[in-house]
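The structure that follows is given in the form of structure tokens.
Chains: A, B, C, D, E and F, in written order; residue numbering restarts at 1 for each.
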Amino acid sequence: MLGSELERFVGEDLGEWDDSSTIIPDNDVRASIIAKEDCIISGLAEAREICEYFGLAAEPLYDEGEFVPSGSRVFAISGNARKILQAERLILNFMARMSGISTLTRECVLLAGAAHKSVRVACTRKTTPGFRIFEKKAVFLGGGDTHRFNLSDAVLIKDNHIKILGLEECLRRAKSRASFTKKIEVEVENYDDMLLAATSGVDIIMFDNMSPPQISEGIRLLSEKGLRDRVLIEASGGITIERLAEYAATGADVISLGCLTRDARWIDLSLEMD
Amino acid sequence: MLGSELERFVGEDLGEWDDSSTIIPDNDVRASIIAKEDCIISGLAEAREICEYFGLAAEPLYDEGEFVPSGSRVFAISGNARKILQAERLILNFMARMSGISTLTRECVLLAGAAHKSVRVACTRKTTPGFRIFEKKAVFLGGGDTHRFNLSDAVLIKDNHIKILGLEECLRRAKSRASFTKKIEVEVENYDDMLLAATSGVDIIMFDNMSPPQISEGIRLLSEKGLRDRVLIEASGGITIERLAEYAATGADVISLGCLTRDARWIDLSLEMD
Amino acid sequence: MLGSELERFVGEDLGEWDDSSTIIPDNDVRASIIAKEDCIISGLAEAREICEYFGLAAEPLYDEGEFVPSGSRVFAISGNARKILQAERLILNFMARMSGISTLTRECVLLAGAAHKSVRVACTRKTTPGFRIFEKKAVFLGGGDTHRFNLSDAVLIKDNHIKILGLEECLRRAKSRASFTKKIEVEVENYDDMLLAATSGVDIIMFDNMSPPQISEGIRLLSEKGLRDRVLIEASGGITIERLAEYAATGADVISLGCLTRDARWIDLSLEMD
Amino acid sequence: MLGSELERFVGEDLGEWDDSSTIIPDNDVRASIIAKEDCIISGLAEAREICEYFGLAAEPLYDEGEFVPSGSRVFAISGNARKILQAERLILNFMARMSGISTLTRECVLLAGAAHKSVRVACTRKTTPGFRIFEKKAVFLGGGDTHRFNLSDAVLIKDNHIKILGLEECLRRAKSRASFTKKIEVEVENYDDMLLAATSGVDIIMFDNMSPPQISEGIRLLSEKGLRDRVLIEASGGITIERLAEYAATGADVISLGCLTRDARWIDLSLEMD
Amino acid sequence: MLGSELERFVGEDLGEWDDSSTIIPDNDVRASIIAKEDCIISGLAEAREICEYFGLAAEPLYDEGEFVPSGSRVFAISGNARKILQAERLILNFMARMSGISTLTRECVLLAGAAHKSVRVACTRKTTPGFRIFEKKAVFLGGGDTHRFNLSDAVLIKDNHIKILGLEECLRRAKSRASFTKKIEVEVENYDDMLLAATSGVDIIMFDNMSPPQISEGIRLLSEKGLRDRVLIEASGGITIERLAEYAATGADVISLGCLTRDARWIDLSLEMD
Amino acid sequence: MLGSELERFVGEDLGEWDDSSTIIPDNDVRASIIAKEDCIISGLAEAREICEYFGLAAEPLYDEGEFVPSGSRVFAISGNARKILQAERLILNFMARMSGISTLTRECVLLAGAAHKSVRVACTRKTTPGFRIFEKKAVFLGGGDTHRFNLSDAVLIKDNHIKILGLEECLRRAKSRASFTKKIEVEVENYDDMLLAATSGVDIIMFDNMSPPQISEGIRLLSEKGLRDRVLIEASGGITIERLAEYAATGADVISLGCLTRDARWIDLSLEMD
């Protein structure tokens, strides 16, 4: 992460004058971060950068995105005791939040993959402000697709756009205004728009808030018209883990889930002095 | 929030060149944010600041920390349609995350208050890096206590400190090194340390990972020695909502819960064009 | 532009203590920016933001990207004389540099369009460090395509990648690692790679440093195999304005030109007190 | 350059998530930057700093400001292949832009020096916003004079000042308000003002938009009055390379040229993997 | 100190282009910082960080907060001569300002301690904007108490608060709104308010602008009511060094002095090349 | 001041969560800043900017640099009571520090002017890190000369330079390396160097740590050689207010005093609610 970004994160947890850490002697110790539950671990690179900032030696004991059984040591730290205590909370916050997302993502990837081998599970832009890059990275390390990082990453024509201008005009504008390097995605609510989009050469069609049978039927229609392999199909909108397999089985290429970043629980990790 | 902070949050979601928003006409519209479920609403001040940044008029329809029934309009926006679409996701991310925390906090405050009228429910430093101030504010608006914002906010003598130096030396150092304007809190694991801390004039005693009966017994002992009203008692460590009432009933002054910020679900909110 | 960015630009030209501007009286005056040569004007939005920063009233007299004949007033400013003198150089530097790029771009767009109606003229990442967004915007206002803003904007498999891993492995990795929201572009040096790329479903094929006849032949081959309408064709590498028409005539979809940002002359503009 | 500045430049070219570089293996390689045309090289210090940022070893093979014949290796890099690909464009943009300016400056310095041995060739404040320090440094490395970095660097009384207050009042104010550590320069349009300025003890007289014969006559008049060696003479305003020698021959001390930074072509450089 | 902060301090003294330092040869030398008068030295950590920034080797020859007799070498530097000249003024400004504060603080601590052994001498928020952390640190190193770093550090109920709401309401609000982790301090003007505050459980009572006899009487009253050991007593407001002993002798726990940071003279230090 | 700078100053005094200000009602009040002693007032522009930041109306009742008798209202504020309390300390710190410097400067200017009418009194670079611009501005408002803001502002050849290279070589380098827009100043220790410098065309000669008679004799020698009006003479080094008149009487053009910024007392100001 950027040096200035790291400074900000550190500053948020240190404040201006930390008396607590000065209580203990200024000598070197060893500590470990222990996983208190099974998880897909992530945030190790960030933990290492935080350690470097504090002048601590760091050694990840697993790879990013690897499965870690409960009770395992995942990260070893050594160095000045005061610095370890100052770095502790920030490291744990990074790893616990990121690993929680990676773990939930992996679960969803496996669930969806069981229903439809090549389907992708993607997150959305429903992320904690200021922390998106780390949340998306955690999704990636869990095996998911990062989707758009921001509004500039691809052109997305949504219901509100279509309501105002009509789909045809939207497509005309998108094609003439956006760089050829960007994909164009259209959110469709009915099969007419879907067919119009597919024949107009959009790159991705998003079925938003449609049921699995509706999606299946849409895909069937596209195949019938010989348009299926010209577009990617994304299913989106209120999809829960409970119904994920059902959506995956429709044959959509991508299932996107706001819950990956919104509802992931933190993994229980703790730092223990050796 | 600071202007530079707001710029960062906006930049994260806009990226360098947003083509999607340029598709639609550049005219003025009205939109509302709707709560799709019951909640304690927060993040309204932040939503307003984001609107100002984009030159949009904003009107909160509820007070911060107020209960909002499902289906209600909570926030009205008017202005340039493109700007509204650019501001939408950031506003929703702020409000959904913060309201989720406020809602969970309120629930806990009511639960604990039913068991012990004057008890406080506090959050911890287990917050998303870079977003702490907003998560703590959401706790506050839900009726909770913000606890320490960072390591400089009070002196906390923890098990690791005591293990290295012994409690007496820790207390001696804390008192001589920390400013008189700061409180001193001690994490205790047994009644001897508790009594030593209380007689040494610490401000707060934290019972960490102790059961409700153990806490009750500790408080009884303090009362017996005439020390109860000289210290605040905080119960902390792995306390779940399920057992919250039980902890509150011990008579502790404060129950702190990592889950307020760690496990709060997002509130389902959506922006709809009028 | 971001407030912090504007501050930086202003600070660069003001320094810490400007004595010159304090020489003249502190009263209000009017001034105009005059184009001393024909041009496609751009940078008006930036000029207005700079004026706002200095508390000056600003009125653009042309639209961004419009043709301006030599001798025209393009921008009117009124306000404190000292502030106008402090803002003058920064405004002119923005407008002269951006308009120079827009003017050259328009010339190229017309040249290329005469040879092949639907061809796009794009710039590259050969931009002045720190000023890319404005240079790309100037290309856009001149009618050109902004191409990738940075390395994250699309996946580009270049000769060095292919040399190390072979094209097939590169494609396999790109597809599995990059988000489905991003396009994949491949730089090809021969027709075998071209065909492999096109059948593998890449989005864009770049002919790098190939002559117009070689490009025409490549496009013919793609058509023969029924692959032409599945990919966009970009011609790139050392293309000069002199040979632009020839490249456009090959039927490529995009011609990219480093010279748009690298070699554009500044437009001669001056600020005159009314 | 400042760490925060470097971060900004790097961020502009990397974006938030670079997939392309992850395609290739994560191993160490060697690369060279080759000059594809004769040039005065500069930007080597900046290239080295960028390499350090990415953890790459760097070795400049020429001195800053040295002549480099076409085809030469000018800079050697070794380290992680992915990092080299990420650093490539930024390094080339710095070196190509700066070397272009140094090369043009050297040409002008030689031209002017042939006409008048001790004359200085200076640039102006017509620089790309945000990149001035590097453009001025490139002028310096080419043998030119950096002139004022910003409005605070010396007091410059211009035609607009004189129009409003008259020259005498301007001089009075400049002398009483500006620190004694700063030079005072006056832009003159006629010989009366010139003589007034010289007798008032200004440090520099600028002949703005005057022809070589007019400048020669002005200098003759100053000599006649015994004032020549009390002031520096700067010739400025629309001076082209074509007429540079003619201006230098007037005996002016400094010739300033906006074109050094405005119209310099980029030098053609490329990075090649060894 | 933060990297970005250090960059700012360095940039303030370097400016954009330092010609003076380039005059001398680019070779390595040794230099020492000499105390020209007796002092309590501080700012050594900051001096070392500045040296690191410039790539210089640094060796403090005293401990922070140690007494240094006039004429002593306090800090040794070695490295590039140009860099030493560039770092010189910033290092001296830090050390001279901070040591001045530490020296004055030590003097006050000794004076007050002679009158009342356990009294603390504290500074206030009357500090140079942007430099508070270093001025407070200098007070700490001189043996003083840092007091509140900012408005968030404790709750302070002042005369203006009481005037508007009355003390009882102020206390009620402070207790319900502020986190339990913060101390509450009340500024009192009469004994009624003092007794009310003490019985309400505030942590600190500040006697503002009261004379030593008034303070003594207040403390006597508190003792009489058995409230003395429940609160800390701070004497504040226009206390000069001349009357410090008198205030200390009242038995107050803390004497706070704006003059520690406001009126401390700089210590005379100079950097000499060996 | 820059927006980002102001944010930093405000943040330093507010901290993350100010409970004290929330105690009082959220209504509008009026307040005044009162001078408790005679002074030359400055910092009014900064006070106004701070008020604007907090949304407060501000009205300066004196001009910057004007004499203010003890007891006068110097600045009126109105607006939200909480905001006034949050802005109070920062406003006072700015005004008290700056006015202290302006007051001392004015005293010195008058003292020196009485001894030698046209002499200037200048400050040095001995300023509080991060606050230099405001301290120099306060000197300016007190009637003093700001001297160099940083190392880039003029070329200063000091004893250490001369020791290493000899004066002649130093002058040769300074003239060839520094821009013609900068003055060159030389610190001299003897009359030979003085004469060499003056005949070499330097702009300023600094007599460092020389006594008034030595300076007078130097000036006499320069006059004798007809060199006096070609150079400015600066007397510097350990000059106290007590001996200022004596130095001024030597006929030096500038007397520079580190004490203006180093030893100025704060002016006693207070904010009172109306």
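Simple rule for what comes next: a residue touches a chain if its C-beta (ideal position, glycine included) is under 8 Å from a C-beta of that chain, and two chains touch if they have at least 3 such contacts.
Please read all numbers here as calculations on a predicted model, not as lab measurements.
Most remote chain with respect to chain F, judged by CA-atom centres, is A.
Each of B-E and E-F has its own count of C-beta contacts, and the greater count is at E-F. Inter-chain centre distance (chain B to chain C, centres taken as mean C-alpha positions): 46 Å.
As a whole-number value, the distance joining the C-alpha centres of chain B and chain D reads 54 Å. For this pair, chain A with chain B, the centres built from the Cα atoms lie 24 Å apart. Residue positions 3-4, 15-17, 133, 146, 149-150, 152-153, 179, 182 of chain C are each in touch with at least two other chains. On the side of chain B, the complex with chain C involves touching residues 3-4, 7, 11, 16-17.
Chain F makes touch with chain C in their complex at residues 2-4, 133, 136-137, 146, 149-150. Every residue of chain D that touches chain C in the complex is listed here, in rising order: 8-9, 12-25, 81, 85-86, 89-90, 92-94, 96-97, 125-134, 149-153, 155-158, 160-161, 163-165, 170, 173-174, 177-179, 182, 262-263, 265-266, 273. Of all residues in chain B, those touching chain E in their complex are 120, 122, 145-149, 152-154, 179-183, 185, 203-204, 230, 232, 234, 253-254.
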